[in-house]
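Here you go, one structure.
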Amino acid sequence: MPGATHRLVEMRADLLRLSRDAPDLRALDQDFRHLFRSWFNRGFLVSRPVTWDSPASVLEKIIAYEAVHAIQSWDDLRLRLAPADRRCFAFFHPAMPEEPLIFVEVALTSGIPGSIQGLLDDDRAALSAAEADTAVFYSISNCQAGLAGISFGNFLIKQVAADLAAELPGLKTFVTLSPIPGLMRWIGAEGLAHDPADHAGMRALAARYLLHARRPDGTPADPVARFHLGNGAQVHAVHGGADTSPNGLAQSGGAMVNYLYDLAKVTPNHEAYAQRGEIAASQPVRALAAHNETTRAREKTDG
Amino acid sequence: MPGATHRLVEMRADLLRLSRDAPDLRALDQDFRHLFRSWFNRGFLVSRPVTWDSPASVLEKIIAYEAVHAIQSWDDLRLRLAPADRRCFAFFHPAMPEEPLIFVEVALTSGIPGSIQGLLDDDRAALSAAEADTAVFYSISNCQAGLAGISFGNFLIKQVAADLAAELPGLKTFVTLSPIPGLMRWIGAEGLAHDPADHAGMRALAARYLLHARRPDGTPADPVARFHLGNGAQVHAVHGGADTSPNGLAQSGGAMVNYLYDLAKVTPNHEAYAQRGEIAASQPVRALAAHNETTRAREKTDG
Amino acid sequence: MPGATHRLVEMRADLLRLSRDAPDLRALDQDFRHLFRSWFNRGFLVSRPVTWDSPASVLEKIIAYEAVHAIQSWDDLRLRLAPADRRCFAFFHPAMPEEPLIFVEVALTSGIPGSIQGLLDDDRAALSAAEADTAVFYSISNCQAGLAGISFGNFLIKQVAADLAAELPGLKTFVTLSPIPGLMRWIGAEGLAHDPADHAGMRALAARYLLHARRPDGTPADPVARFHLGNGAQVHAVHGGADTSPNGLAQSGGAMVNYLYDLAKVTPNHEAYAQRGEIAASQPVRALAAHNETTRAREKTDG
Amino acid sequence: MPGATHRLVEMRADLLRLSRDAPDLRALDQDFRHLFRSWFNRGFLVSRPVTWDSPASVLEKIIAYEAVHAIQSWDDLRLRLAPADRRCFAFFHPAMPEEPLIFVEVALTSGIPGSIQGLLDDDRAALSAAEADTAVFYSISNCQAGLAGISFGNFLIKQVAADLAAELPGLKTFVTLSPIPGLMRWIGAEGLAHDPADHAGMRALAARYLLHARRPDGTPADPVARFHLGNGAQVHAVHGGADTSPNGLAQSGGAMVNYLYDLAKVTPNHEAYAQRGEIAASQPVRALAAHNETTRAREKTDG
């Protein structure tokens, strides 16, 4: 039946919503999850560029589902898709060809950026794709509530990195510019002094949080960190004053982080993380976090 | 060279603009016109539906080029394309595949409509395509200033009527709902009393204008009438209070007209018009215009 | 991984071959079967016409996989695809877009045919599609040994019947012209007199075989009969001298059968067959089989 | 009208055939030629790869139209298209999308080949495309008799060379392996001694013929030479025993020639040829022809 797959996905979205209040429905979800793991396996997913030439019926879904840096209008969308230094890719399933499952927005840059407002500045001079040395995954959004827990973000980032590397041999670095959604909550819980205007101080707090704050099960406290570290990326750099939007300030005091996808290290990183909980990080971030921990230990001692 | 055809079309658009003030450039235009008549012949044009699944890069041109009833926004565009009772078709040339040349917007209705605001009402219950008995061509717009004088509107309307008739056997009537852009100017020049709120009076004036007002060369005064009558359509019905937009009131005191495309009569109508200047019209419109003419003759006598 | 799905299907084909001699491998096959039932579900299969405009790389597979009436050459293939009264449809899976899974060859005819050589005669005057009142499914072939036991023939025939009915409103009858592969074996086992040149006699034997010969589990002895009766078709007519090829004479003494797909009766037929083992058959075939059974009973008594 | 363009092309093919015996028809052809020059301009032609995945309906035309090295069967065609070291490209016109206008067959090789039988040997180990350093245009065929005199071979070779260079950066040399169809006729007319088994001797004769034999209007005697030299290629190397087919021996005593497309020199070569009749040739070929001419002059003197 055409459309049947999509209807089942929407049915599970309803089920997940209802089962928040009706825990006995959760058992039902096991069958859905088993079925969808089989149906939405990597071999069936098709990655396609999303461009200004894509159908409007697909693009309106990109506007609706963008979860990280909201798209305000069709003009705003055009600025994310049409310039020479912008790309977007989505996974589709052949039985739901008009429904993106997940999409990633990419900026092509010269060097690794440290500010989302700078990256998205409409007035920048667009780089030609051939000049870029860095691909920045600055937003990744799931589209289907009914596919919660069926993960493909991992595959999408690796596929897009491989496709871009083949198309643009000048690209040497694949990196994110990511929010740190749990930072301010952790700072509050820890009762730490902080000042968003003190970028160095925020960087130090962010490094400490990302490398040392853990959940009871030992995994990192930050959900975005869990996603990228689980994919085999490493914490490459942290920035203060990097997201000055109201939401950015509220969540992370303006701090952001670059996770680096070094294709040669993704597999060992992933294994060290999965087996031993090790968090891969660059030397500078490690130093920043360590110094900060030391300071903090001394403060505790002194206090 | 990809893009070369489009660049030549734009070059002619520039030339036409410049030659308004530089008449000696007009001779140059003869070569363009000869070339484009050959290049943009009917056999090379491809008619394609324009839908909400069309590329955004094409749709933004539809918004930009709509010349009759302006499209205000992407939401407005969706209302022209997505409902089950709306269609749009454009001609494309294979060497300019992303540039519509001309497009026509169609409403599927039950019966012939007499009000553009009623036809475009967002709150109407959309008809299913199978229920419709009438296809209304309510807007036709050229997209390329550089193709002025190379006509394809004629072919597009006939192609679309044939395609819709094949797809939807329930369609019996193919008709326009057209502006009468020269009506108020003519009323003014003739010094006639009129009142937009008097729909019967406006209908009578419109009928008289469409059937009797002529240019010095004998062709109808109204440019839209020349287009549809030249295609072989006939004046089917006139309506007062049919376009209550500021532009509709200014141009035609709110009056509009249905031109009927009766596929069996298109060829004889066209020939009678082309050879003898005969204007095909329905009996009621003819009666309305004649009565009006008689009254006017009597008024003149009495005066 | 592109191609991974196809490699898994081929892996199972190998496994099935090996497990004939190594029964302990059969347990392994359960996992494959479970996986493929999920992956190759009806919702993911796409039916596409196979025409003379299809890729040669697909067409060579049609030549290779045709299992019922061999295609001798590319010229022979063209005769199956290109004439106005011939159609072919296949199911494809989106993860194996160049590999047909199953295909059906269709002849459009006026009336129900009773001879495969007549149907495939190169010298016939091809009917225009609009003149046809009958669609004859004269060959249905599976392409993937690795998908044995994952059935889609049922879906394909119903999909094709629905698509053809929508495209060609003149089609009133959907019928097969099928081999009776077990007939001669049964005649031999039963020790019955027969003469391929006696068409009436062969028809009677065929009717009796199709309606009364059963396997120990109560299902029909003939495998093609099991397929079509299981789909909800009925035995409509039997013919002698209908397949005079060496294979046709060897298998069934030249007899063939039309199974009728009456879309209104497919569901009740299927249920009566599945639940009570009832074989749907036309009155004439039933009479033929009954008379024959009676005669046979009498012969037995007399004997 | 769909198909109208193709019908006009076929009409001209008929006209050209008829006008051989009816010279007064030739004037009529001027209008066709003028029209087709406009319609089949470079900007409208689309180059497309022809592969084993192309529609059979297109491929059967490739078999039919191959004019240089006949394709014997579909298996033979597969050997021209499917191996990793084979390519084929054709020009199509959007109004005749299923009719190739002209196509070129390409072999990817390591080094410049000197034998067509070696090049087409089915038993060779196919090179991977990435290993190749040379693209050999070994056959170029026009498909439409009705487009005689409307030339696009020039454009096709340059387009294909540019496309291949972009796709396969390892390709350094673009060269033909071409017949010398007028060689034996010229040898006969000149009354020269020759021996196909004497490859050195045949090479010398071929070099002399290609560089010095001229028509009354000063252009080269050989038609294939006129085509490639007119495109800006140069005579790069000549080979004896290079085409040992009956046709190759009859036309050119087995000799063949490589014309080199050096993209940096194509324009100056073309201009020197068009304006001053200069034939570009490599130093070795030039030496071979000069020596030969000298010998011949001496022979004449001695004689």
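For clarity, chains are labelled A, B, C and D in written order, and residue numbers in each chain start from 1.
The working rule: contacts are C-beta pairs under 8 Å (C-beta built on N, C-alpha and C of every residue); 3 or more make two chains touch, one makes a residue touch a chain.
Here the structure is a predicted model, which is why all the values come from computation and not from measurement.
Fewest steps needed to get from chain B to chain C, stepping only to touching chains, is 2.
Rounded to a whole number, the gap between the C-alpha centres of chain C and chain D is 51 angstrom.
Residue numbers of chain A whose C-beta contacts span two or more other chains: none are found. Chain pairs recorded as touching, per the definition above, are A-B, A-C, B-D, C-D. Of all residues in chain C, those touching chain D in their complex are 52-57, 59, 74, 77-78, 98. Chain A makes touch with chain C in their complex at residues 1-2, 4-5, 35, 38-39, 41-44, 46, 94-95.
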